[in-house]
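All chains are identified by letter, namely A, B, C and D, in their written order; residue positions are counted from 1 within each chain.
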């Protein structure tokens, strides 16, 4: 339904009005006619449409900005087109040598532009000639800056940590200006691995506990006040802010149980966060299964467990999986709970490297993409050297979480169509 | 042959005829505080169709579900006193395995509830849960059951299609076939035709008539004509009491109790 | 198989035996028990969160009470009262400097050169006023500094005492443990013992006999030989020595006398105050000599004088407060809770006194949430109405998943976007010439309430949209049909029939959106500017462009650095509890709205 | 679709036909016996009436049972109604034949033989044919034959009227005793009644076949 219908359903006007209009064109009782109300309706419709598309454009800008700038980091122009280095290497400090001469020139011109700008501002409005003169100079300076920038990019040297250490001769500091940028070199390999470990571990815990709990609640428990209270509290817990879960995980797992900042503490914290969502969704999809399936099975002499195993779980499973993928997306996207339970800002070793006991695997902190984004966006400055790392990480993370969410949305639509009994 | 159990008559204590398969004695049943059945005494005879009639909420379905203990699923439902014996075994004894009981006493529900599997799997379900895996045995039983339920000719070409694609009457007959696969001796039917059109209803009734030769069948129905058509004996329930029980002819042509008379002649409720 | 097989056999039914698997239970009840156990574990764990939060937070009240008590006993509170006077003076000085700045600006507008300006401003009369005024408080400052140092010293001594007492208790416990004959050395004890022996050896470098016995003992200990009677005695004596030496370190404080060191020189203080006042008056008299040639500035000068008069008038009140201050006034426990809930300051790791006040954080959270909702409600609800009622089905099929997808975008990515793009964009926009009429433009901070709020709006939109759309979708179709059949236009139907029917759902959607916004961490941590200060409402709409700090942000920022069990740690848990309760109230409220409305309908 | 209880209907139909044949048999026997002066046949007919009565009762019971249990409609219901009515007619035919046999017995014993046969032979043959036809048209569902029966019945009526006139004639009064005259008249009347019943049955067959009253 759209505007057409609005026009068709335009309010009927009194007869005399209709007759007044009738000299223009032949009208009948139901012919279309103009009214102020219709204009108002049109404009309200357009207002709503604008609002909707505003949301789409704003979010779209966010996506496109990250996708455009991030793709520079994770894609290459030559084969194999994917910057495997960025995706697999460990994060490193970037060592940058900029040609000193050009740098000096640049800073000089920049300061001139700055002073000119100030001067223009302090000029009174009458002095237009002077202002014009200033602006032309500024323009010229800006062009010069662009030219120098290209030169500088051509001549500069950048090294990652390992490369820098392997250098036989460090470039002389007389010719070059030397800067280091933390986290900006190398790649995000450990962070990707860490996130994967965190997500799958936690979802495994949450899914096991959640589904078992849901089976109990929907199949075995007796209805009553206590069950209602449990449902209500589970529902409410799913709305508790993630930072509160983080606080709890930090207090209980990291400090009280003394697991330290570790994978296992992160697993449990994230699992607890996903648990209410998974319990609610699993229970819902189990209760959506018609009572007849259970009765039919029981009447054939199946035991309660057989009935659940053969006639409840298989049909509830698509629903459970869909919701758990949503849970995965939620868990993978969270930063607050792992900030002080599982994530390290920088860790050179991969999780399986240098383990003394196998149990150490669980009691080590890992790098994680969300925390890495937090670190690189808040702890290092934004400039051309750090941008790649920042946007690249954000894009990779967005792609991972987005693919989970997207598959869950698509799957849900399909499941709804298929299992509509 | 006029076995007539009236709630208030002393006749109820008469020893049952040897043909009785199900014997209910002084049965009181309640959901929580509200009593659903009062002092029911009834003998159900072997290889006969027994129909339960009565207005909604009179307890006929409740009574039927006592026979295979489906009421166990409802938390607050319980038998307050009295016994039900099937083949001389008290089925509410604590040594009774409900699962074995339900294999012995099959059930068909008001709303046909085929599982969303293939037709074949629906029939084979009952055997699979008993651990029968032999493909040949399964195939044979599926065929016999479908033939037994007069469904074989209609579905033999599409055994692997979803059972949800069948028509309502076919689904209900599939459910009956599914119940047959467990080899019960007694089949309970809880308003098996209430959701079906007349042709499908007729088919199910034909099936009941056919199955009567091998099974003891108990049918709950809202439709008096149906009870008259399919059953050998009819029990009329009213407000949780068994008002009259006897051969169908007698109940419909010459009921003893004025309430029954009023109900079957449609002057009631 | 032949049909006969279907026929039931007339045998005695099998169902007379119950199948027992384990402990007299059949398999079904065992499985039920298993599920029951897991469900209990899951639910208990979820309840544990609440309990743990409360347990960790509850300690805050007592600890904060002790801290406040010490604050009062050590005289820090007294010093704080003294500081008020100084703070007022500082404020006045700032006002004066403001006048100076204006003056310079007005001179500049007149077209004077830099040199001329500095000449005018640094003229003798002006100097006497501007610099003289600043100097008037130097005595006061010195005095307060002195007193503060004394108070801090007392407080630090007390804290040291408490710590020492704790280790004394530890030693005492240890001694009684070791004295027991069943005591066995743990690896930690062994290491401690060896350390003590080595220290002992260093003390008695001349006692050769002792040295050698010590060395022997150390070696035997390193080999892991258990404690014998002799070595137990040595261990005990070492521990006892430690105990005694620690005990000596404690210098108990008699607060009644030590507080006097802070509060004694009241006369001197008052005389300083009076002197300051007379100095100030003298300076003020000179102020009239400056010729501003500007009516605005003259007005401000008059205002400054008025403010000074107010300052002078407050002196007697100030004196009264000082006289009445009582170091022994009790600190009830509700005061500590109250000062948390209503405290206007959040100062941690300060050398004077830590303050844990919720108000700056709460107000920060609220102002950001309100701004976010202000943006998100029209967009979210509008989009919901549009997609459900007006759009074509193709649009609907595209827009709905798209907006749902936005909800999956991790908050840290959105926060990152705010840091690298939006913050800078907002600042650049505020510097544009044609926007200069806006009173609070240009803004200084790129990370502020507005940056965070608008991004949070983007996060709240999917929540509000999805739930509101559901609510609108759930309005029975017959209502719409009835309205259309009466000749109403689709838009009239939408706004007069459908939206009112779905109102409860929309309200609960907005509430849940609010819940999401107030609990969001990363966006506010990255984009809100993290300045712990109550937003100044006097700025009008400019309040939305101030940096703030939030409850979630403070936990995320400070949790990593706190000591387990410290006051700061517990304070953060208290903030967590407040968040928890807030989210519970919002959730329950949303459910209540829906439930109540549904009841009314049915 | 045939239902299992439809068998009951065909059984009922068969019973009805059997009843028809029985009553037709009695009528033929009684009339033949009278015309052939065969006392034995007459006695045989005299004894067969009870069987017909039982059969009629049986059919009535079956009909009621079927009505109350199977809730028949349309042609099934018409068949049941027809069966009820036709069985009554057949039973009446049997009764009339019984009374013919009774009168014949008296007539034959008093008079020795039927002296003035009048048109009784023609009338008897016609009536027996009529009864037979009515059964045939029920069995063969032949509506034309049924209409034919309605016409033929009038012939019997005229013959009966003629008999009545003849027997009430003065000439006859001398030829036969009063009792014989009355008996003969009653026999003629009974035969006419049998024809009437056959006509009723034909009507019922018409009703059964096209539903018209």
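By definition in this document, a residue touches a chain if its C-beta (ideal position, glycine included) is under 8 Å from a C-beta of that chain, and two chains touch if they have at least 3 such contacts.
Only a predicted model underlies this, so the values are computations on that prediction, with no experimental measurement involved.
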{"item": "Comparison of B-D and A-C (more C-beta pairs in contact)", "value": "A-C"}
{"item": "Central chain (by mean CA position)", "value": "A"}
{"item": "Centroid spacing, where centroids are CA-atom means, of subunit A and subunit C in whole angstrom", "value": "26"}
{"item": "Distance between chain centroids, defined by C-alpha means - subunit B, subunit D (Å)", "value": "50"}
{"item": "Computed distance of Cα centres, subunit B from subunit A, in Å", "value": "58"}
{"item": "Length of the line joining the C-alpha centres of subunit A and subunit D, rounded to whole Å", "value": "101"}
{"item": "Of all residues in subunit B, the ones touching two or more other chains", "value": "99-101, 103"}
{"item": "Multi-partner residues of subunit A (each touching 2 or more other chains)", "value": "303"}
{"item": "Residue numbers on subunit C that touch subunit A, as the complex places them", "value": "27-28, 31-32, 35-36, 38-39, 41-43, 45-49, 52-53, 56, 378-380, 382-383, 385-387, 389-392, 399, 401-417, 419-421, 458, 461, 465, 484, 487-491, 512, 515-516, 518-522, 525-526, 552, 555-556, 559-560, 564, 572-573, 576, 579-580, 583-584, 586-588, 591"}
{"item": "Residues of subunit A defined as touching subunit C within the complex", "value": "1-2, 5-6, 9-12, 37, 41, 44-45, 47-49, 51-52, 54-56, 58-59, 62, 65-66, 209-210, 212-213, 215-217, 219-221, 230, 232-237, 239-248, 250-252, 255-256, 272, 275-276, 279, 303-305, 329-330, 332-336, 339-340, 370-371, 373-374, 377-378, 382, 387, 390-391, 394, 397-398, 401-402, 404-406, 409"}
{"item": "Subunit D partner contacts - residues on subunit B that touch it in the complex", "value": "199, 202, 205-206, 209, 225, 228-229, 248-249, 252-253"}
{"item": "In the complex, subunit D residues that touch subunit B", "value": "1, 3-5, 64-65, 68-71"}
{"item": "Sites on subunit B touched by subunit A in the complex", "value": "68, 70, 73, 75, 99-103, 106-107, 109, 111, 113-116, 125-126, 128-130, 164, 175, 178-179, 181-182"}
